[in-house]
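In the part that follows, the structures are each spelled out as structure tokens.
Two complexes, one shared chain (subunit A), two partners (subunit B, subunit C).
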Partner chain A sequence: MGEIYNLIGLLSSFKAFWDEYKRYKIGILGIFLLIILIIISISAVILIPIDTFKQWHNPAYWTRYPKAALPSWINYFTNTKLPEHLILKEPLVMKSESGVIQIFNHIYTIQFNYDTFPDDFIFNYLIKYKGSPPLFELSIIRPDGDRLLLIITTLPPKPFNLEAYTFNGSIYSTDRVIRSNVAHYLSERIGESISIMDIAPQFVIFSEKPFKLDSKVLKGTYTFNATFYTFDKDDQLLTSELIIGGKVFGILGTDELRRDLLIGILWGTPVALFIGLSVATLAVFVGIVYGIVSGYYGKRLDEIMMRINDIIYSLPALPFLIILAISFGRNILLVVLYLTVFGWVGIAKVARSMALQIKTLAYIEAIELIGASKWRVMLKHIMPQITPYALASIALSVPSAILAEAGLSFLGLGDPTLPTWGQILHDAQLYGAAARGLWWWIIPPGVMIAITGLTFVFIGIAMDTVLNPRMRKI
Partner chain B sequence: MGVSKFLISRALNMVLVLFATIFITIAIVGPTMDTILKRSIEIEVKASILQSKEVMIAFKDPKDLENYIQLQVRNAIESLGLNEPWYSPRRLWTVIWKLITLDLGQSYYLRSYSGSGNVREIILEALPRTILLFTTATILNSIIGILLGVIIARKSGSIIDKFASTFAVVSNSFPLWWVGMIMIIIFAYTFKLFPARATPLIPPSDPNYPLALIHHMILPLITLILIGFGGWTYVVRNIMIGVLQEDYITVAVAKGTPERKILYGHALRSAAPPIITMIALSSSGSLGGAIITEAVFDWPGIGRLYWNAVSVLDIPVIIGLTYITTIVFLISVFIADILYSVFDPRVKVG
Partner chain C sequence: MLWYLAGCIVSNSLGSILLSVKGLRKWFPIRRGFLDFITMQPIRYIKAVDKIDFNIKKGEVFVLAGESGCGKTTTARLILRSIEPDEGSVIFNGMNVCNLRGEELKRFRRLVQTVFQDPYSSLNPRLSVFDILLEPLIIHNIRETNSERKEIVYKAMEEVKLTPIENFEHRYPHMLSGGQRQRLAIARSLILKPKLIIADEPVSMLDLSIRAEILDLMISLRDKYGITYLYITHDLSTARYIGDTIAIMYLGKIVEMGICEEVLSNPLHPYTQALIDAVLEPNPNNRFKEKKVRIIGEIPSPIDIPNGCRLNPRCPYVMEKCKLIEPPFIEFKPSHYVACHLLID
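Right after this comes the complex of A and B.
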């Protein structure tokens, strides 16, 4: 830092910096990636309700999702089209009346053009009734026109202490009554009696005729028709939902705990950016201040401060991070603090050597002679000269912070209330995803970690080259 | 002589840092540490009483025996001063002495293959395996890195150079352990070339164990090299480019010294000190960094032991491992310092 070029001018006029910066392709690439990451973060925060995100570690929330399902775009690349997991919530609603009886119809039409059978299906409904319990009927019309009655039943009577009863019901394809009805349908077609123990309804309902063990899927339009007969004019069918259990789901698939990986990956982005940027900023700030004080004061204080620096430098970081997380907790802010403790050391060393050089300059001596206080010299005259180095260091410190947090999370020591990419990989490791070939569970988090790291490496390299022209080597 | 003074000051520094490290560790886990020590004393006292038949015969009522054991345990705890808080000087000294003599206490849950709960034995069993894998990887990485780095430095600015630099930056951005998971998918799951779990299924007592261990070592080793050699090449390249700009190299070129001799004779010798330091530091640094990688491959070394200890919160093992890792790290730094001063006479002394 021998010569003094007009740093303050360079900083205050951002345009000058930008004109220089944009000459570096790598810097432009970094900015481009950063913008994408910011867009992902913003859309995650806006589009995915924070409640969904907080449910990440709550298995009950994810029961309607498929287990370890591949991403749905896999069907474009394979000959065997796997059934998509469908969660349908918008049926065709019909309502008719005959006398005192109201008839509610929720009709779901699905195109089933896949090569393998669905895993199962579930029908959920929410109904409110005041009078006698309604009658419920669920039937299905196959592409060949056959109509199967799956279930016909009366809903439970209204508890006598309630004015109106809101009943939340679920019908599973594995329910005994559905199996029995399907067995009945099947034995009519093939002319022999079938035990309901041998029946998995989805293999009959979605099968070609004649019904054999190796029959293929009957492709075409299936219509699920749910009919409710109610006996009071105020009774209402509120909502219903049909889930066809498939083998592929969404853009990124699901994990063993049925979680939609897209949500974890998207929400991981703002969390990673927060951790990376806050650790880098804090660490660089602490390092710069520490280095300047140590270098500028010199003598004994310098000696003591550098010894402390040596000690922290000698601590093996990951083992100590583990001990800290176990002893003091693993809230995300604490994790930021732990990572900061190990992040500032190297920067302090560089800042100290810079301060040592700057303080020997003639104009610093002149300012001291005028009677400027030590703090004034450090803040007004040394700090601004180190700022360019600091800014580039922030960008260059982000990747290691993100990697360190990912490592800690991977060990199961991340903040349990926030899903991070490292935690997704922790769960993947816990369930042996690599050895079982569940690649869609492993690839996206790692790629996101690397992209986020590279973003800041690119920006940091470009900034470093612009702001520290003497270090231009690349 | 300047060098001996330098070595003494480095050694003193190392001891200082080691003590500070121990103190920080104790301060962080102080209260838990007490429980550990008390527990291990209890086990020792019980074992010694139950082993001696004369003492056992002397007690007819099991209640008396139990009371006697409790009394002995209390005496032992008081004699070691465990009734005082962890920061009392007497206590601090006891703990530090225990660590210096490598008395790391008894584990909570984890056991060595021979079934021992002695933390030192558990760690010493795992340590050689970590050294086997990671030291091999470091040596191979440094050899590949030096060979490639020298070649690329000669062609700096070429397409190969740009490709190598990009590869180094990109390969450093992926978590090593994540690459390990991907390698398992490719080579263990898809092609079934190597076992997915690196722990051999046969017990260590089996004569074929070393062979099985090496077979299981291939996949993690390939991963470590794949992700590591790029960075090595890049660093060696940068050091070499710096050296190749020195005046004496220009003179040698002007004299007509053969290029091979300039590269491997003159330049590489000047580049040796920082490279040797790097080898020393990274072979020890890998001990700590191995934690996650070993967990991914299930390699039965220090790292997986750490992972297991963290999973079941076996605090004595965690502390023992941290201590051993720090010692190994500090000794490597010390050796690196010495080597540096031996290879580079310009090193600042004092």
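Right after this comes the complex of A and C.
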């Protein structure tokens, strides 16, 4: 019975708090932003496989992505449409047989309606064969009907000790064979012999006629046709993939290390929320307990505890954080600990002054005279009075924790296994993003840090106004 | 008189002394400024309680009366060991309160309870009525199971007429009226079955209409459980209503002490006479009757206590002697003590 009533009491006091809270527009805005951040965090955790974000610092994982590509929506705002980086994995599959020979066809059709040439293209395939090495042919049909044979080759023979051979092959547009075939095609069209050293295949393949140095892009439908001839009925073309190297990619583009910034930004959200909330909660808890003990015991102990507090207060936090990160490690939990060490002091001061005030109230004396122990007085009779303040100061401490972590990461002292916004900024700084005008590498993490900070500032201010009635009069 | 006797029977030891205060003194040093320190000014003190003696008998209501600032509340806090005395002793039930430590002190806290003046601030606003009453039982580890404790809490609520219980147990102090809060405070002091309850102006913040109700409640509890009260007040009308013995305090000293009825009807000390005169006269026929004794001016600061009799700057009967010699505290009539030069001659 009692518990149920306590719950009702709690709910009704929460309702009273909410009724008061929602009168503050700034608080509503804060809650709205917080909900968005939480949705982003949850969707990042659910939608982006944890493997992807673990690969953040592994350059090999990102080779298929473009280098420093702009966000793709930039095309809506410019006259020159930049080619989008395409990673195509779902070709039109055709298969025919004549006797033992099987013919696998993977056909990729792309609409190329951009104003500049793609950077390159790559074709990857995975094939399994038992018999003689298959024959592989890659050709392209341009919008004007010309068919270019890019490569025709035999795959390497199956090693004799294997029953079946799974071969992972890659064809790059910069391959000598392709350059030679394209040079041949070009010299036929313009009647001059062309050295293959002068050829960048994409500038020919995607070019208008007549072929000149300043020719524009031929817009229209390009068809890449990969044909494999195999000589055993068990042979299989497993998968293939066509990458057209473009200049724009995804919602937030990529960085110099070809990483998809969207993944970094999305995964940075739960990481930032975790750091901010855990540091704030720990720091506020430590600060409040310390402040209450100091204020309630008073006298000599208070004096000693407050001088210790003053010493930590006056330490320059950033140099110490750097030293700590360098000497003890950069694990995210350690970073949380370091930030807590420097985060609790201000709260302890406020909690102490509140405890000094509360301990003079008659009901504290009353409970002491009943015989309550000092710990009981502090935990049951002083702490609950300070709790509302604690909640507000948790919200207000989150931004500084997030900023401090971003600062550490920016200095290259963040957890190396996780992407954080600070680290994205660090890398941007390292590759001179600002000087090179790679704004999409700098603005989104900066904005996210600012928005997250602002969210908790809004919530904190509104909570503080509701919970500390003295503030309202000022 | 029947209730009085009943009370004595319960206490079962009529006249034996429960609490004895001997030579109790508390001077609060005044914080000196830096200038005072370098000019070697002597430390000055607020002489809140200056060597007082009194005994409280089992089962009686002992009234400690006096103006604000005369040291009544400091006396109570000294008895409760809320502050440490500079000198003197408080003997409760044969134990010297000033030397109690640990478990003994906790036992003393259980036997001596307090009811404060302000029922609005003496109850934790975040605890429900039930939790407020449960708190002392938890602190003193009384009864193990929740149902047993619940029974004790409900009984205490019935005792102070916070009924129907189901209406009150889940309320918070701010949902109660002043009288209900004070009854709750009394229930809290009662729940540990104390021997002595120190009530520091328990009705002065309440409406006149409910004062009698609270006082009657206190008396009925005394009769039922043989509780002894130290009742602190500045209001002699409630003192007369409830008290058995009264001590009048002035500037940290007791100036007159005796049976309540006797002291209030035949006051010997000019200060007591003045206090009684200050009580509003309920009978309109007496409205033009001249007050016999008027004391002059304000109560002096307890830092600069006058030499000789402390009342001398304000006393209408002041003599040369009063300004030089402090009057001794003598038994002028049987069990009626007074400290005044007028009565010595």
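By our rule, the second predicted complex is superposed on the first by the 460 of 474 C-alpha atoms of A that agree within 3 Å, B and C clash if a C-alpha of one lies under 4 Å from a C-alpha of the other, contacts with A are read in each partner's own complex, and residues count from 1 in each chain.
In this text, contacts are C-beta pairs under 8 Å (C-beta built on N, C-alpha and C of every residue); 3 or more make two chains touch, one makes a residue touch a chain.
All of these numbers come straight from a predicted model, not from anything done at the bench.
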>> What does the overlay on subunit A give for subunit B and subunit C, a clash or a fit?
In response: fit
> Taking the superposition as given, does A:L361 touch the first partner, subunit B, the second, subunit C, both, or neither?
Replying inline: second
> Touching A:F211, do we find subunit B (first), subunit C (second), both, or neither?
Replying inline: neither
> In the combined three-chain arrangement, what's the angle at subunit A toward subunit B and subunit C (CA centres, steps of 10°)?
Replying inline: 60
> Where does A:L411 make contact in the superposed view: on subunit B (first), on subunit C (second), on both, or on neither?
Replying inline: first
> Touching A:L369, do we find subunit B (first), subunit C (second), both, or neither?
Replying inline: second
> Does the superposition put A:Q385 against subunit B (first), subunit C (second), both, or neither?
Replying inline: second
> Between subunit B and subunit C, which makes contact with more of the residues in subunit A?
Replying inline: B
> Is A:F274 touching the first partner subunit B, the second partner subunit C, both, or neither of them?
Replying inline: neither
> On the overlay, how many Å separate the closest CA atoms of subunit B and subunit C?
Replying inline: 5
> If you lay the two complexes on top of each other, which residues of subunit A touch subunit B in one and subunit C in the other?
Replying inline: none
> Which bits of subunit B are touching subunit A when the two form their complex?
Replying inline: 13, 16-17, 20-21, 24-25, 28-29, 32, 165, 169-170, 173-175, 177-182, 184-185, 188-190, 196-197, 238, 287-289, 291-292, 295-296, 306-307, 310-311, 313, 315, 318-319, 321-322, 325-326, 329-330, 333
> So in the complex, which bits of subunit A are touching subunit C?
Replying inline: 2, 5-6, 9, 361-363, 365-373, 376, 380-381, 384-385
> Tell me, which parts of subunit C touch subunit A in their complex?
Replying inline: 80, 82, 105-106, 109-110, 113-114, 116, 118, 121-126, 128, 130, 135-136, 139-140, 170, 172, 185, 188, 192
> Which part of subunit A faces subunit B closely enough to touch in the complex?
Replying inline: 307, 310-311, 314-320, 322-324, 326-328, 399, 403, 406-407, 410-413, 425, 428-429, 433-437, 439, 442-443, 445-446, 449-450, 453-454, 457, 473-474
